[in-house]
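Each structure below appears as C-alpha cells.
Shared between the two complexes below is chain A, which has chain B as its partner in the first and chain C in the second.
This part shows the complex of A and B:
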C-alpha cells in the first residue's frame, strides 16, 4: 500500500518525446543565460538570479524526464516557486501583486494535480507513467484527467487559467518572461498535456472535444484581448496565451497529424515568442519604456532588432514560409481529419483557428507599426541619441532564434519534424500536398514582385510638412501623430464584443479575481458570526454538543 | 539506568526546572535563560533517547511510586508517546532558545520560564501518562499555565483574551472530567489499558456514546475543532510570540489531538460513526479556518486561524482510520508543529524589530530582515503544501488516503483549503516582505542571534522534513506512532502484558 514513497528505481525515463523537449529546454536556457548577461547588467541580486535560473533548468529537466508522477509533481511545484521568485526581480510597483497572483494560480492548480495523482493511485495503484493507460470510462478517471489537465493548462497559460501570463509578461524582467511563460512553461505544460493525453489516459471523443473547445476559446479570446493592449509586453503576453490554444487544439484533435502539429507548434511558439520577447527587451532596455504610445520609428536606430522582431512576427502570424505556418498548417489538417469521424463541429474549430491567425497578423501589424515604423514620439526625440542597437549578448540570441524561425519553416519536414516530432508521435500522415520547396519559391517570387512594385511606387517623391489643421499649426497637441497603439480600439464598440470587453475590463474572466470575490464573500459571512462575545461562543459549543448527541444517541 | 526510568523524567525535569527557576531567578540575569534552555534541551535529548528505547525495548510501562498496577498511576512509553515527545520537546527547545532574546521586551523573564516549564510539564505529562484521571490533571496544569501566559503582557486585550480562553477552556475541561467520571463509574478503573479491557468486555453502551460526545466537545475545544474553536483566534495572538508558537504549535496537539486520539482509538475504540464525525469536523475546521484566515490583516490572528484549518487536516487524516490516513495525519501534526511555530516566531521577529503585527503597516521587510523573510517564505511554502517542503508530503498522503478511502468530497475540500492557504500566505509575503519598504521602517534591523538560530533550525526541518518518509527513518519514527493508533483497543493487551511482566 505504501510503496509509492519507497521505490528507489524507475523514477526517470527518457523516450523520444521527453528527450526532444529536454533538448530544447537546454537550448532555450542557454540563450536566456546569454541574453541575461546583457539585460540584467547592473541589476541587484544577480547571484540569486542566476542561481534561480540554474535551478529552473534543473527542475525543468526533472519534469521532462520524470516517470514517477509524484517526482514530476515535485519538480513541477519547485518550478512554480522559482517563477514566483524570479518575477520578484521585476522593478515596477505592481510586481509583488503579479508574483502573488501568478503563484496562487500556479500553486493552486498544482494542488489539484495532487488530487489527480491521488485519483490515479486509486484507479491503478501505481504512479509510474509508463505503466499507466487508464480508460476514461468512469467518473473518477475523468476527474483525474481534468485535475491533471488543469495543472497543464495553468502552466501553459490556456484559458481559464491564463490571467497570470499577461501580468507576468508586463511586470517580470524580460529574460524571465522569455524564459518561463514564453518558452519553458509552454514546453512543459504542453509536454505534460501530451503525456497524459497520449500515454497516461486513453482519450475518448468527448474529452477531445473538451480540449478543442478550450483550445479554440483560448485562441480567439486571447487574441481579441491582445488587439486592444497598449503595453507591448502585455500584448505579447496575450499572444502567448492565444498560441497555447493551437497546441491544445492540436492535441485535442486526437489524430497523429494534429498532435504532431500541436507539439511542433509548441516548439515553434517557444522559438518565435522568445525571439519576440528578446527583441522587445532590447527595445525596452534602450528606449526605457514598453508603452506603445511612447515608441515609434525605431527601425532607423535598431535595424537588426527590427529584422528579428519582424521575422518572429510573421512566424507567429502564420505567414509562410516561416515555422509558425508549418505547424498551424498541421493543426488545421488535424482539425479537418478529426471531422472525418463524424460531426460538423470541426468547422467551428477550424474557423476559430484561422480567425485567430488573421487577428494575430492584424495585431502584429499594429505592434510593428507602433514600435519600429510610424513616427517617433516627441517625448522620445530628446533622448534619441542614446537609443542604439544593443550589445552582442542581447542580439545574438534573437538572431539565432529568428534564423530558426526561417529554417524550421522551410525545412520543416526534413528538419525538426523528422528529427524530433515523428519519433515522438507515431503514424503521422499528411493529407494535403506538402512541398515546402515549391511554396518557398512561390513566396520568393511574390516578395520580389512586391519589391518591384514598391520601388516603382516610391519613384514619386513625397513631401514632409508640419501637421496643421485649418491653416494653423497645432502647438497644443504636441504628439500629433499616429502611434498605432489604438488601431483596433473600435473593435470594442461592436455589439456583443462591447459587452465582452466590458466584462473583461471588470476581470470577470480572470479566475483569480473571481476566486478572490467568492472567497471574501464567504469570509465576510463567517466573520460576522465571530463577534467576540463569549456567550455566543459558548452557545456554539453547546449547540455543537447537542447536535452530536442527537446524531449519536438520537 | 534501566530504560524504563526515562519515562518519569519527562515530568520531573520540567517540574523541577520550574521550581528551581522560581527559587533562584533573581540571582543573576542569565539564570532563568539557563534553566529554561537547559531543561528544554535535556527534555529534547531524552525524547530522542525515548525513540531509541522504544525501538529496542518496545512498549514500556512505569509505575509511579512503585504502586501495584493497575491501582497505581501508570506511565506508558510506546511509539505514539515517543513521537509526540519528540515533537513537543523539539519545538519547546527551539522556543526556549528564541525566548532568550525575545523575552527581553518583558520585565518578568523569570516568571515566563517558570510558566513555560509548567506548561511543558503538563504537556509531557498528558503524553506519557497511562492513567485517565492523571491525564486530566496534567491537562489542567498545562491549561492553567497557558492562561497565565496568554495574559503575560497584561494589556487590556490580552487580559480579555485570557479571560475568554480561561472560561471556555474550563468549560471544556469540565466536560472531559464528567466523561472521565462516567467512565470510572462504568468500569471502576482509571488505568487506560484496564479501562479499555473493561469496556471491550461490557460491549457498546449508550453511556459510552454519551461519554464520546463529552470528549469530542471537551478535547475538541482544546484542539480548536470547529465549532469549539472560537477561543483560539483571540487567545493565540495575544500571547507573546514564543508562547503563541507553543500554543499553536504543540499545546493544541498534545492536549487536544493526542488526548482525543489516545482515548478514542486506544481506550473507547473507534467506530464508524465516531470516525465520520471526526472527519466531518476536521474538514469543517479546515475550510472554515482558512476562509476566516484569508481576510485577516493582523498577522498573528491570520496564523491562528490557520492553526484551526491545519488541525482539520490532522483530524481528517487520523479520522480516516486507514494506516495511510493515520500516517498522513500524524506526519501533518509533526509538520504543522514545525512550520506553525516558525511562522509565529517570524511574526514575533517582525514585532520585535518593526513593532507591528498589522500587515498593512509592513512592507519590503525582506531587504531589512533577510533571515526572517527567507525562513518565513520556507514556512509559508510548507504550510501551503508546495513541494518539496514537509507540508507537501503530509498533505499528499492525507489526500491520497482520503481518495483511497473513497472520501472524494473530503479530498476535494482538502485541496481547496490548500489553495486558499497558499493564497493567504502569498498575501503575507506580499504585504510583509515584498513590495516597497514603508517610511517608518527604514532603520529597522534583523533580530538577534538566538532568534535567528531557532528560526533557521526550524526552517531547515521544514526543508528536509520530507525525508522522514524514507523507509528506514519512517520505521523508527512515524510508523511506530501510526501503528499504535492503528492497533486500536489492542493497545490494552500490549500494555497489560508489559504490566504483568514487570510484576
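This part shows the complex of A and C:
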C-alpha cells in the first residue's frame, strides 16, 4: 500500500489525497452494493443496474487517480452519463424530468470544465496536473480556475448548481442517491476542488473569499429550504447541498486547519449522509411512502433503524462527540484563523456556518419526530406495533456507518485525521481544544450518575399509562395529531423570509429553471418572426441583403 | 481517576448544590414579590427526593428507552460543561477538554434532550412544546453566537476560555467596555431563553399546554429534568461570568466579588422572570432576530472598533 502512494503510471498518479479518496470510493461502493441486494430485490433491469454501478466505481477511481486533465474529464463525463442512467431506475412519474435536468446541469458544467482545460493548455502547454502551478495573476488564469471550479461545484452540489440534488434525492432509487449525490459525488467534487485549489493553482485572497462566499451562502440557503420540506428524501437532499458549504468554506479558508477540516467534513458527510439515506430507504421500503404526513411513531416498529438514523442525525447536526462536530470544529477554527491575516469578513462566514448547524439540528428534529417519534398517522401502512426490521443486507450497511460516525468522532485525532487527512494536508495546527475521548468518558460517567439517580427512585419498575390530554382521549380525536411536517411554519412567515420562500417556491433560485425560462424567452422572440406571412419574410430578406451589401461594398 | 473526582466533586456535586441554592433564591424572591412567604432552604432538594419516590409512568406506545434516556443525556451534558468550566476557571493556563465552540455546542444538548423527551412522549401537547423549544433555539442562537464573538475579538481571536480569563485579568473585565456591555445584555436575554424562564417559557407554558415537552414525565425522569434545570441555573450564569465578568477568582477579596457577581446574575434572572408576561413563540423569534441581533451586531462592530 505504501509503495503505491506517490507513484506515476502514465496518465495516472497516486498521492496521499487521491489514495485515501480512492479507498473510500471503494468502501462506499461495497456498502451500496450490499444495500442494493435488499432494496432493489424484485425490481426490473437489475443486471443493467449492477453493471452501471460497477462502471460508476471504475469511472470514479479513474477520476481520482487521473493525472492528465483530459483523461480526468473523460471519466468525469462518463460519470455524468451513468448518473443519468441510474436515476432512470426510479419509479416516480417525474423521474425522466429529473434525469434530464441532472444530465443538463452536469453536462453543461462539464463543457465549462473543458473550456477551463483549454485555458490551462493556453497558459502552460501541459495537461499533467502534477506539473502545474499556475498563479492567479492574470484574467485567463482566473477564468480557467472559475471554469474548473464550476464543474466541481456542480458535481458536489454547491449553490447555484445544486438544484439537481434535491430532485434526484426525491425521485431516484434510494441506494442510487446514497451512492452518488450523497457520497461519491461529494468525494469527487470536493476532491477536484481541493486538487485545483491546492495543487493546480496558487490561490490568492480574492479567490479564497469567493470560495467562502459560495460556501456560506450554500450552507444557510439550502438548510433554510430543508426546514420546510414535506418529503424526507427531498429534505435529506437539501442537506446534501447544505453540507457542501462547509467543505467549500473549509477549503476557502486557505490555511491548513481549515482545509483539513473541509476534507475531513467531506469524509464525514459521506458517512452520515449515506447512513441517513440507507436508514430512510429502509423506512421507505417498509412504510411504502416518503411523505412525512403519512408516517410517525415508527420507533417501536424499527428500533435499529431509528438508532442508526438518530446517530447520523446527531452527527450531521454537529452534536459532540460525533464525527460531524469534529470536522465542523476544525472548519470554524480555520475561519477564525483566516481572520488573523486581516479583514473582518470571517465573522460573517463563522456566523453562517454556526447558525447553519443550528438550523440543521432543527430540521433533523422535525424528521425524527415525523418519522420515528410523535403520534402515528392514520394513513400509516404499518398498523401493528411489532418489530419489523428490514433484512440484514439493508440493516448492516447502516449499522456499520453509524458505528463509524461514533468512532470517527471519538477517535478523530488518532484515527482518520492521522491516517488519511494529515498526510494530504501538511502543517495542521489546532488553535482550539477538544479532547473527544476524555469528554466521551465523562459523558458516560454523567449518564451512569443519572442511572444511579434513576435506580434510587422507581425507574426500574415502570407502568404504562395513556397520554394525558386534559381528560380527552387521543384515539377518539385523531385531528389532535401533530405530524411535525408543519413545525416551522411560524418561522416561514417572518419578515423577509416570507418573500425569499415565495421566490424559492417559484424556483427563482434554480439555475435550470431560470436557464429554461431564458432559453424559451429567446424562442418567443425568434418565433414571432416566423409568422408564415410571405411578405414579411421577403422584407427581412431584402433588409438582410441591404445590410450585406452595405458591409461588403461599403 | 483524577477526572472521576473532578466530575463528581465539581461537575456534579458542587454545581448541583449551588444550582439548588440558586433555585431556592429564585423561588424565595418570587414568593416575596407575590407577597407570599416562600419555601424553606431545603425545599428544592426535598422536591427532587420526593419525585424519586413517585411511580414512573411511560405513555402507551412510546419507546421506553428513548423516553427515559433523554433526561440522562441532558444531565450528563450539563455535568460535562460544568466540569469543563470549573477546571478552565481554576487553572486558566491549562486548557481542558474543550474551548468556547465546544461549550456552545454542549450547552444546546440540554435543550435537545428536552425536545427528544417531548417527542418520545407521543403526546401532541409535548410535540407542540418541543417544537416551540426548537424554534426558540433557532431564535436565540443567532444573537447568542454574535454576542460571544465579542470576547473572542477582544482576546485576540482566541477561542480558549483560559485566554479570555487571562486577557480580562490583565486588561479589566470585558463588560467594562461598550461592546462588552451590549453583548452581555444580549447574552442575558439568550440565557433567559436557554433556561426556559418567563418571558421565554413557551416550551412548557403550564397554563396553556400543561407543561409541554415534559407533560408525560413523572417520578425519577422528572426529577432528573428538574435537577438538570437547577444545575443549568448555575452553569449558564457561570459561563456568562467567564466570558464577560472575569470569571471566579480564588484570591482573597476577589472570591467575594465572584460570589456577589453570581448572586447578582441570579437576582437579575429572577427579576426579569417576575416582571414580564409570557410571549408567543413568533414574538420571541422576532425579538431575537430583530432587536437582539441588531444589538449584537452593534456590539461586534464596536468590538472591532476597539471600544
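Operating definition for what follows: the second predicted complex is superposed on the first by the 476 of 554 C-alpha atoms of A that agree within 3 Å, B and C clash if a C-alpha of one lies under 4 Å from a C-alpha of the other, contacts with A are read in each partner's own complex, and residues count from 1 in each chain.
To be clear about the criterion, contacts are C-beta pairs under 8 Å (C-beta built on N, C-alpha and C of every residue); 3 or more make two chains touch, one makes a residue touch a chain.
All of these numbers come straight from a predicted model, not from anything done at the bench.
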So, A:205: does it touch chain B (first), chain C (second), both, or neither?
-> neither
Touch check for A:333: first (chain B), second (chain C), both, or neither?
-> second
Kindly classify A:359 by the partners it touches after superposition: chain B alone (first), chain C alone (second), both, or neither?
-> second
Looking at the overlay, what does A:108 touch: chain B (first), chain C (second), both, or neither?
-> first
Could you look at A:552 and tell me whether it touches chain B, chain C, both or neither (first, second, both, neither)?
-> first
Greater residue coverage of chain A in the superposed arrangement, chain B or chain C = C
Where on chain A do the contacts from chain B and from chain C line up?
-> none
Give every residue of chain B touching chain A within the complex, in rising order.
-> 164, 167-168, 171-172, 175, 206, 209-210, 212-214, 216-217, 221, 227-228, 230-231, 233-234, 273-274, 277, 288, 291-292, 294-295, 323-324, 327, 381, 384-388, 392, 395-396, 399-400, 402-404, 406, 408, 411-412, 415, 418-420, 422-423, 426-427, 429-430, 434-436, 469-471, 474
Within their complex, state which residues of chain A touch chain B.
-> 1-2, 4-6, 70, 73-74, 76-78, 80-81, 88, 93, 95-97, 99-100, 103-104, 107-108, 110-112, 114-115, 117-119, 121-122, 140, 143, 515, 519-520, 522-524, 526-527, 530, 532, 534, 536-538, 540-541, 543-545, 548-549, 551-553
Contact residues on chain A for chain C in the complex?
-> 297, 299-300, 303, 306, 318-320, 325, 329, 332-333, 336-337, 339-340, 344, 347, 350-351, 354-355, 358-359, 361-362, 365-366, 368-369, 373-376, 385, 431-435, 438-439, 441-447, 449-451, 453-454, 456-459, 461-470, 474, 480-482, 484, 487-488, 490-491, 493-495
Please name which positions on chain C make contact with chain A in the complex.
-> 3-4, 7-8, 11-12, 51-61, 63-66, 68, 71-73, 75-80, 83, 95-102, 104-106, 108-109, 112, 115-116, 119-125, 127-128, 130-131, 134-135, 137-138, 141-142, 145-146, 149, 152, 157-160, 210, 215-216, 219-221, 223-224, 227, 281-282, 285-286, 289, 300, 304
